[in-house]
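Take a look at these structures.
What follows is a pair of complexes built around subunit A, which joins subunit B in one and subunit C in the other.
Entry: the complex of A and B
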């Protein structure tokens, strides 16, 4: 029982890193960034190659995944989303562009690197720690600790810095924030940078847990469910939703059936959308005309 | 020759699903990434009816299509009340759930080992006739009051609602038609390939269908037909470039959404009417095919 909660916290942390990125972009631009998964996958591969080719240091790999993720995220924002945002086209075209980007990314990886699973070299001791009746893998401790630190830093940026203030203002109304002297283009880039950095971080953790493979980015679906569960656009909601989903999933795998785990996650999504579409902490909002 | 007939059959079968999604997306403005799931329902239902219950093959197709349409109404009831993004996610989740359910019901569907020995019954003529019937039926639907209401929902949902159009109802109708066609397409696929595997109808299939619709353009059946005839045989024609196909798909989608969001044929149709007008007024400068249809006013 306690064991499942520990496992759930570990995977929930990874979901939280990705879910925050979704919610952040959504809160500003009101659309779902479907290219988010590519950044996660890229982060996992960057970390893998750093560990195997450059130097087998976890800290360096972590840095590579985060910087790489952030840069990739900015790149596609400028190349694909920016022209669409300037045109002010329908939001759905942004979704389509995002799906296109993720299709490109996934298949480029299959073509250039191959579709095989890439297992990370052992960087953490395999021997789990025994805390009372619970066995905790060192990896899981690392994941939870680093994720919490990253989320804390992120929270501080949002709540204490000028940039954070600008982000909060823009989340209310991007155009008005722009009129008040916020450089909204730079702000959007900053938001994609933060989302990409956190996604890269999630990528390396997923890589450590499940190896790196081209479809790894599909994990962001879970993060999306978390973000919706917590209330899309609400950052604390995204984190709460992610941990709740992580724990729910480990419980379903442990006590019901591991192959039905994803069915339950999607069921949760449908139920949330049906009965509380604004999520746990979101603001109820109708479609604006 | 037989090989190319096969390519044509596959394209024709996919076209049925693409036409359905073209109606749904093009005339309601909603995107779906779950129509692979409806294809799976049609495919497995028709195959299982035929294998387990000995239902005649064409009746099995019809039952598969109806079942897919019925499921879509059930799904659509909650999902269509959602905003655009949420709806996309809901369909994504739906498609994946169907795939997982098929994969995990070993006894019924053969699970990940696949379902072999499906009775045959598809040939090129069946597919062509069904394609033609689908096009004519959809054209009539779009021209009807219901179809025009769908367009109204796409263009200005709030305005449509204020003049008394039950928007959710028309979205549901469009979804049910498109899911039924996807189910029919899946059923035909089952009878043609005579083997089913859950991976045939995964997210890739749903994406392929939607990409074809985006490429063809919104609110046009002509575009859907052209896109289907262009995209589906493409990997067969460009064998050596096969691996790059999906990268190219992605690139096409990004370029289209950035440069020409309305797609190749957005909001226009090639009609006989148009050709007749072309013949009547020869001095007008030749400007490609004469196009006819509602004016685009996005």
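Entry: the complex of A and C
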């Protein structure tokens, strides 16, 4: 039982890193960024190549994945989303563009790098830590710790800095914030930078745990459910939703049926959308971010 | 006006960027691709003006995705064999033309690709596939169009037999899962003295489901106890919920008929949860990548193999393959060897049929007898289209290597 909670938390913490990215972009631009998964995959590959080709240092790989993820995120925002936003395209177009980017990304990786998985060199000790009856993998402790630090830093940026104030203002209304002197173009880039950085971070951890492979980003679908469950647009909600989903999945696998797990996850999505579309912590339509 | 100009400039730059990017990607892909899958028409030699049309055969297998290493090894083998054979004068005085498509180890892709092979490339026989689920999908198309196919490493019984009736157009050259499951069950019970075994398998994979069942059946028949049976879905990467339950059942060994990266991930996660039981696997476990993903976790595990990789009978083939492709076949499993034998069986049958008539080839495939292959002597049983009396080999994983333990029959 306790072990299953630990298993769930470790899955939830990776979902959390990805869910925040979804929520953040949603809170500003009111659309779901389905290109997010590609950044996660790219982060995993960047970290892999840094570890094997450049330097076998986890810190360097972490930095590479985060910077790379952030830059990639900005790149596709400028190349794909920006032209659509300038034209005042409907949100649906943005979503379709996002799906397109994610398909292109996955196939580029298959073509240029290959469909095989890439296993990271051993970074963390395999031997688990024994805490009472529970075994905890070192990598999981790292994930929770680094995720929490990253999310905390990010929360500080949002609540304490001028840029954060601008993001919060823009989350209410991007156009009005623009009229008030906020450079909305720069702001959107900043938001994609943050979301991409967190996605890169999620990527390296997913890579360490599950190896890097082209379909790795598909896991962001679960992060999307987390974000909806927690309330799209609410950042604490996204984190809470992610942990809740991680634990729910583990419990369904353990006590109901492992093959039924995704049925329950998606059922949750449907139920939330039906009965509480604002999610756990989202507010009906007022404050966001 | 300035706005308009800026807009125009931006747009122009965008368009140029997109064009550049596309060209770069396309050029890169084309440049990198060593051998385009379907041989271009222009390749036909112009020396003999009255040359007969080539005999067209097809290959289906995973060339992208998780299973790509297997598919590439098989396709490499076939391309090498076809080239050799064409240089030596071809078959029945005609050249052989090999067309191939990627099936991504997926049933739907397989069905579509098989139709394309038959309708567009006009193949008279297909080699493939390597996986059971895709082979079963292929069997349906093969029967519909009356084109025979020879599976390489698809081990599920249903590949060649449907509801206890033989599938008329499906053949294979490898051993089958009941034999594989029985070999490992016997080894675990007799030699490892395991009494309690847990099972973790993949729902949605005919191979994994089949192996899971056959092992359980044989192990229980021997008097062993199955203490836990857990499953996961295709594409899953986290098995700790299931493994935590398995741990509570305290098994002596865990039968893990997983397919690819799942083996390494599950092994790692089992060890992370403090599970010390011996891990047992099927033929999919022969994959050197496993040692990078889970070197410490798979140490001391046992697996069944259809061939012993250090069998001297394979040396000639290995040398030819290495001379052509620069790497030894076998790093990803026995696929190259079975592709070789599937090709031998097919060519032998076409020779005896004396024509590229799919129905005649089918009849001759059924009569294959005592044909020397590199994975053993091949005699195809008329009743189930499986090779007769193929034995298995038990290997142990030790210090980053597969170590031969024993050769055995089920």
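Heads up, the rule we're going with is that the second predicted complex is superposed on the first by the 284 of 289 C-alpha atoms of A that agree within 3 Å, B and C clash if a C-alpha of one lies under 4 Å from a C-alpha of the other, contacts with A are read in each partner's own complex, and residues count from 1 in each chain.
The rule is simple: a residue touches a chain if its C-beta (ideal position, glycine included) is under 8 Å from a C-beta of that chain, and two chains touch if they have at least 3 such contacts.
It should be emphasised that the depicted structure is a prediction, and the values quoted were computed from it without experimental measurement.
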In the superposed arrangement, which partner chain does A:135 touch: subunit B (first), subunit C (second), both, or neither?
second
Answer with first, second, both or neither: which of subunit B and subunit C does A:270 touch in the superposed model?
first
Which holds for A:112: it touches subunit B only (first), subunit C only (second), both, or neither?
second
Now for A:262: first (subunit B), second (subunit C), both, or neither, which partner does it touch?
both
Where subunit B and subunit C land on the same part of subunit A: residues 83, 108, 110-111, 218, 257, 259, 262
Using the touch definition from the top, list the residues of subunit A that touch subunit B in their complex.
26, 31-32, 80, 83-84, 89-97, 99-108, 110-111, 218, 221, 224-225, 228, 232, 257, 259-260, 262-263, 266-267, 269-270, 273-274, 277, 287, 289
Under the stated contact criterion, what part of subunit C meets subunit A in this complex?
7, 14, 17, 25, 28-29, 32, 62, 64-66, 68-69, 203, 230-233, 235, 237-238, 240-242, 244-245, 260-261, 264-265, 268, 271-274, 289, 292-293, 295-297
Report the residues of subunit A in contact with subunit C in the complex, numbered from low to high.
3-4, 7-8, 10-11, 79, 83, 86, 108, 110-112, 114-117, 119, 122, 126, 128, 130, 135, 137, 209-211, 213-215, 218-219, 249-251, 253-254, 257-259, 261-262
Can you name the residues of subunit B that touch subunit A in the complex?
29, 31, 33, 78-79, 82-86, 88-90, 92-94, 96-97, 100-101, 103-104, 156-159, 203, 207, 214, 243-244, 246-247, 249-254, 256-258, 261, 298
